[in-house]
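One structure, pasted below without further comment.
Labels for the chains are A, B, C, D, E and F, by order of writing; each one numbers its residues from 1.
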């Protein structure tokens, strides 16, 4: 147990260091694959080992580790200051300085006391779910990167090859993620948290051009801001509450809202920045400049997941407080507006980015509500989102390599050119919003959870989710439509992507489908026990009737393609209706003025309603207002001691 | 009784008519004549239509349009030439740009004479066409039964696809 | 600005008897002066060809030798010009429309005049 | 008998546009442009109207003379000028919206420039395919056999 | 972000009663380009003058179009009569006026119906056409034809209407007046109709003038252009004022036509009250020699029949400039930047009749 | 009216679910067809004409299956078939005591299939129709979800039988939601003024919009699905009355349907912007007010 937790944190770290020395080449590629495989296998092993055993603590506390942690945090802060000075990003420098000050002050305070050595690391069902997500999806993304990055550098001769650093960062990232998930000690958690910020910064800036750097710094800025909030929470515990025991998450959570609400809110704020909620969402959109595997990593299994992970962890504290409501309203607003913005995008990765932001918003909304049903929904959302979203990112990456465009319009009729990738992409998209796939179940659960949210707020949430899911249907369906819109069939490509890429895609597709089929098991064996461990009565969330309903739908969906066999028989094939105009195979027709007109068909983007700039502005304004209210609530709590 | 003759949907195309016959075709749909009594709908889409009503004569530009529309109609279907322009080119048959009646381009089943035709004549024409439609349906049903056995439809698939 | 300004008309139509003439179950409405198909009293015709000359649709063929007068029903526009130009008043317009013609059916009506031998009849007419 | 007063002033190719501009400045509306070919002379009438006062400019040209477009003054002239170009083969330069001979696609080129009215009997189908747009090859395969002609047509030919 | 959608709109399109083609380029549903192409109904009938006797040509002229068939025959006959200096009897002039206005009634009712249909208002379409049938009945009873009348001839008209019949006709017009009013009320006031037509297809007065708009299109843009004011047929002795609206949009054009319904009814009544007794035609001797631009106001606006003859029985040149062809340039202007859903409404708002535009 | 105890006893038994589902599968097309036939007849009468026979919808469908099987791409059949299947499934679920939210999601899924079918043809008109249908779907979706939530809040059950056997008719507490549902029903039934994506007759700017490329049996499947959907929608409306006021429910629903026919005949087609904004505004105002109020009533 102890070994496995440490192994999962340390093994990727070692692998990362190895990457720094290995030269580019097949050997490194193979080692990457092996390391990824080991990480994934380790995750699965840990999962099996702890399955059904409830919560477990591990202490490895001794002064040395704490010192390492302190030094690491110091180094990170200094690095941030240095690099931001170099690029003249003085806001980031300032933030870094604050962070540095906090770290030093914290060390000064802690110096006087002794930290009880009790379970710095821990594992329960929730962390196991996260373990699987990080291990399996993170691992598969590593495998995918091998082929992808080779192609990337063949295409982009102008970008300097930093693949060593790339793989170093990726593995470091995984290590830090495990750290985040397993840390019980908040100070440790903070360190891992900062490492993820830094890794993402460097990965976003991979191309080393101006755009990349700018976006990378935006990410860094918001994340450091979140880091400061996080350290403020720790400072609060140390300085105000004054009981070092509360530096352990389990204690803090057990202490209930009365004690923990302020640090929980601060950490929640940190979670908002990391999970790219409004007003911080722009960093995630900017992160699109990075190579696709990076985006996939940031979006599906790591980084943003760290943000929502921590918020969900603290969800019980938020239950029935205005603080929680404020957080979850930010999430709700983010869900609504990011979904709307996604409609106006034709860049596939941007659509994915906004949909990630939206989905995380929903998770945050659920977590902020904090009831058992809501947490149940939040965890389901995390799972299904991770699987389907990584599948989508990777398939978009593969299409991008073939078509040299990430524009959805350029995917017209993709199904006839790249049938395998397209079908997987379709499954991924369906996984994001259609019954009986997972995301939809989660949404269903969220609706049920919302109804019982704090009294009049319930109505607001219902409206938000009702409108939000309608928006979701729009942009996903039109994307699916593009994929299958065949104007004239082309011959499929012999090789749609590199074997590594195809393997990763098959793997993730299988995962998406399996997660859907086995979701009752996931619910009964993982989420419910976790909820029980939180100590409250768990409502019956899934009746057997619902499961049967879902089962009927799933079976139907699986059986339907069989009908294709019947339908491809005895049909006369005729061209499209073109108002009686004669057309050629490409649907060109002779237009006015003697021109030849090409029949273009593009999707609707309806920018008059769903324009990016306008909506993002609304999102930012509203969320800033809510955060201001949150600040007021906290100040009030701080001064009066009454939990709102 | 087949469904076809109880629900013949029409598509109307104005080849190069003078409007006289067109508006009479439209008039058939309106309250006084109301051909929906016979289940007739004006679909405006060849793919939904059973009866192709052409008014006006064929000229260089529209001959392909007529062909295209006819081609996109699923079988069994019938064509009615309405008005003498559609039957023979009418008073314009000697104009340089008029190639003649619709029969120049597609096979016509019923000719409705008149200039302009009267709604009652059009109704009469449709009634005649229904008889022909029923014959064609029977023939089509018999043939497609054979077709599925022998796989004769295979080449139907090939041609016309674009 | 009104919502549902159509209400009155809709309700009126709903409760009134429909305006429809149930042709062919009911007879078509027809006026005395309706322009229908052309008929000829072939006995009056002298096969002079004037009608044919003034037919804007060239629908009439007159064959003096064979004493036939024929009209192409798919060409005739029922304009009555032939009747107006016939000095013998042999042609007249009815108010009956021509029935539709199924492909393959004949569209030319040929009228055979009585053989020329009937001189006495012509003489009689002259006398009168 | 009601008969409108209608004046006709002759203009030449070189002062056409300036004369038309004058009409425009005086607030006239362009009513129509019409062409006729009498013997070898093309007669092009430019008709204007102001408060029901009807005046015409008349341009007489012979084959091959290039007429300047007046679309710079009256944009709506494009429809008439294209038509004259298509039907008479008169070349008109600088039409603002130039259909390049595709406004009215006729089976006979410049039909009003040819002396006789009676068309060639039964247009050859092959030609019609060419008339289809550049590049766009017709996808249509008609079930109609080329010889399926209504009896009316057949009789006409026999006659 | 919005991409282009290119749709071939027409020639066969259910909303178009007649074939016209537009290369429709859309962004989302906003029209960025709509260039028409025509020629689907071009017959070349002007050339038939070489074949037909000038008196028989009137049958062809009538078939330029089946909607304002009657006014075409008036325009053509008027040209010949002007060249030959024929004195058409007064009664014939009045009869021509009456039938012309009946044509306008039938044409406008037909148009109102089609326009309603373009907006997807099926019931309105049906009711407009139902009322129109009473007009057609009157036409058929007096001329023998529903849409192609064949009563106008060079030198007069072919059929007379008895005074009793005229009374009966005006009485009938009175009796359907209420229904027409109900119908117009919908076009004037209904919220859903206004939603589809107010502010749609703008054409400013200047543009209308510059682009040569005629008929209700010009009148809807504030230009009082009505050729009936020149006083041909019996219009000179009747009292009326052109109807003008200044909204410059589809709504205004629709209002103009709706108001012209009442105006036509009024004109018919005036004519029926004042019609003198007498002959209905003069004998035509000889052949025309000369040229004349004959202008008449059709339901869609100014139509010109230009005839040039040299004294033989076949005239040299007949050129018809029809209202619809004059209204195509304004149409191109109106379509700029509209919504796809507005396209049919705008196209219909010029009341396009391609039959005559291309002849 | 009906003894609620026996009713709930019956409705909780599994057999009732099977019966409900079977009845729906068998009877819905008949009922839907006759309603549609009457609809067309009444519409015709409102237009002053005689109209088609009441059985016309059945003739139409029979006819469609007699026609040649013509497609642009064979895939379109698959999507349309999936549409039909899922319409039937969502109806079955509704009539067999399933979770209302899942029923709604199944319905959405069905419509997504239909839209995908239109996309798959690669035809400009079908494409624009598909986009418009998607807008229509997006317009109505919130209201349906809100209505389901409202029903739950009143009756304490998401399951249809649970809603039906509730002792008070839900409509008493959620009248605004009912009105909202009636509003969006116009969109769902594809009636003027909201027939933006396709409509039964032609003459619209999109030719036949969504269904442009579907012909013969493919179109036939769509027609059948429409019949099922009609019954589904009316059944959904019935939930607002339940067994507490079944007769009133039937009368009100009949009246609502007549109202829809009337509106169809008394309005022109709106532009999609209006449809979208209108539906959302209605949902936002009526839906929110009613839900908000419910929190205090409960």
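In the analysis below, contacts are C-beta pairs under 8 Å (C-beta built on N, C-alpha and C of every residue); 3 or more make two chains touch, one makes a residue touch a chain.
For clarity, every value in this text was computed on a predicted model and none was experimentally measured.
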Among the remaining chains, which ones contact both subunit C and subunit D?
B, E
Among the other chains, which touch subunit A and subunit B together?
D, E, F
I need the chain pair with the most C-beta contacts, please.
A-F
Which chain's centre, taken as the mean of its Cα atoms, is farthest from the centre of subunit D?
A
Chain centre separation in whole Å, for subunit E relative to subunit A (CA means):
66
Taking each chain's centre as the mean position of its Cα atoms, how many Å separate subunit C from subunit F?
54
Give, as an integer number of Å, the spacing between the C-alpha centres of subunit F and subunit D.
55
If you average the CA atoms of subunit A and of subunit D, how far apart do the two points sit, in angstrom?
67
Multi-chain touching residues of subunit C, meaning two or more other chains, are 4-6, 10, 13, 18-20, 22, 56, 72, 74-75, 77, 79, 103, 107
Where subunit E touches two or more other chains at once, by residue number
5-8, 11-15, 29, 35, 37, 39, 42, 44, 47-48, 51, 59-60, 63, 121, 123-124, 126-127, 130, 133, 145, 190, 192-193, 358
Would you give the residues of subunit D that are in contact with at least 2 other chains, written as numbers and ranges?
97, 99, 102, 105-106, 111, 117-118, 132, 138-140, 150, 152
So in the complex, which bits of subunit B are touching subunit A?
13, 45-47, 64-69, 71-72, 74, 144, 147-148, 153, 156-157, 160-162
In their complex, what parts of subunit A are in touch with subunit B?
488, 569-578, 580-585
Can you list the subunit F residues touching subunit B in their complex?
40, 44, 47-53, 56, 58-70, 200-203, 207-208, 211-216, 219
Complex interface listing, subunit D residues touching subunit B:
105-108, 111, 117-119, 122-123, 128, 131-132, 138-144, 148-150, 152-153, 156
For a test of understanding, state which residues of subunit E touch subunit D in their complex under the given definition.
35, 37-39, 42, 44, 46-48, 50-51, 81-82, 85-88, 209-212, 225, 227, 229-233, 236, 292-293, 295, 302, 304, 306, 308, 316-317, 319, 321, 325-326, 328-330, 332, 358
